[in-house]
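There are two complexes below, and they share chain A, which is joined by chain B in the first and by chain C in the second.
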Partner chain A sequence: MSEAEIESSKTNPSTFLSDIIGSSVTVKLHNGVEYSGNLQSIDGYMNIVLDEGKEVVGNTISRTYGDVFIRGNNVLYISEA
Partner chain B sequence: MSTVRTEQQQQEPLDLIRFQLDEFVLVKLRGAREMKGRLQGYDSHCNMVLSEAQEFIYSEGDEEPTVKKTEMVFVRGDSVILISPIAE
Partner chain C sequence: MSESTGQASEEAVPATVLPLEIIDKSIGNEITVLMINDKEFTGKLVGFDDYVNMVLENVTERDNEGTSTIVRKKMLLNGGHVAMIIPAN
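On to the complex of A and B.
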């Protein structure tokens, strides 16, 4: 693998997603609600499972979930927090 | 390119749902609705069948949601936002 290929694999979106499994993330949905928690798993549809998920509406935590499955079509972005 | 896969990576998100079969789940839906019920079945679209279901409809201005009870209900996957186990 050439250096250019290694470089591109670093910024590849799916590489990024598999790299952040297990870390703390923030997921924003199209409806504006954010969820933060530990990223347990993710698939090709961007279906996501968070543990210790906190639902943030505006600036307040409105709810907490032990485990939560988020359907991929609602996802706007996933950021490493 | 070889990738090191941990146990966590091999597990996929729908597995969480599989573990909830026959358990009570909370399903958050589009249109400020929620559904609680016992998960009888689901598929990859998140189409779901819930028994002993209660639908909660939140309307603006009202603090308390409208509750509708249903013995058995099919929920179409495209309106699902999230699914979470209900701690009993």
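On to the complex of A and C.
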């Protein structure tokens, strides 16, 4: 890959975040619990708001929520569902 | 005299390479990220920021219970718990 191609295929964290707003995501926390839902909002601290949030412990959905606010310090990763 | 010493010192001082420049060279390549809590993530690095938060593609997660069967297409990994970044083989 040429340098220009690499440059254009780069996705920095801030670009990624603006790309995935409104889409369905999975958020994993440091305690191992996962939340999936529609990403309403995220900021530079990785504070996250999901709607139709589902709490997944292990592989089973344990609870569902209308809206979920997740404080950023708990977030291990956020991925496209 | 002064000219020659000037040239000599230019040659003697190696160009500084910043740590983040090394990571920048791995963009587009497969890497393994070791976390401080015995977890690791392997995937293609597509970008990162000054906190070493990383955007990865086709990521597999591994911990002391084994490798996850789930492959995450694209993820943003929080840099706060990253211990080490290794180019994958």
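Operating definition for what follows: the second predicted complex is superposed on the first by the 71 of 81 C-alpha atoms of A that agree within 3 Å, B and C clash if a C-alpha of one lies under 4 Å from a C-alpha of the other, contacts with A are read in each partner's own complex, and residues count from 1 in each chain.
Heads up, the rule we're going with is that a residue touches a chain if its C-beta (ideal position, glycine included) is under 8 Å from a C-beta of that chain, and two chains touch if they have at least 3 such contacts.
Predicted, not measured: the structure shown is a model, and the values here were computed from it.
Of the two partner chains placed by superposition, only chain B is touched by A:48; chain C is not. Residue contacts after overlaying the shared chain place A:78 against chain C, while chain B stays out of touching range. Applying the stated contact rule after C-alpha superposition, one finds that A:60 touches neither chain B nor chain C.
In the superposed model, A:12 makes contact with chain C only, not with chain B. Of the two partner chains, chain B is the only one touched by A:40; chain C is not.
Contacts of chain A with chain B, set against its contacts with chain C after fitting on chain A, overlap at residues 1, 9, 73. Residue ranges on chain A touching chain C, taken from their complex, read 1, 6, 9-17, 26, 30, 46, 73, 75-80. Interface residues of chain A facing chain B in the complex, by the touch rule stated above, are 1, 9, 18, 21-22, 29, 31, 35, 40-43, 47-49, 53, 65-71, 73-74.
Interface of chain C with chain A (complex): residues 27-28, 37, 41, 46-49, 53-55, 59, 72-78, 80-81. The residues of chain B lying in touch with chain A in their complex are 1, 3, 6, 8-9, 11-17, 30, 46, 77-78, 80-85, 87.
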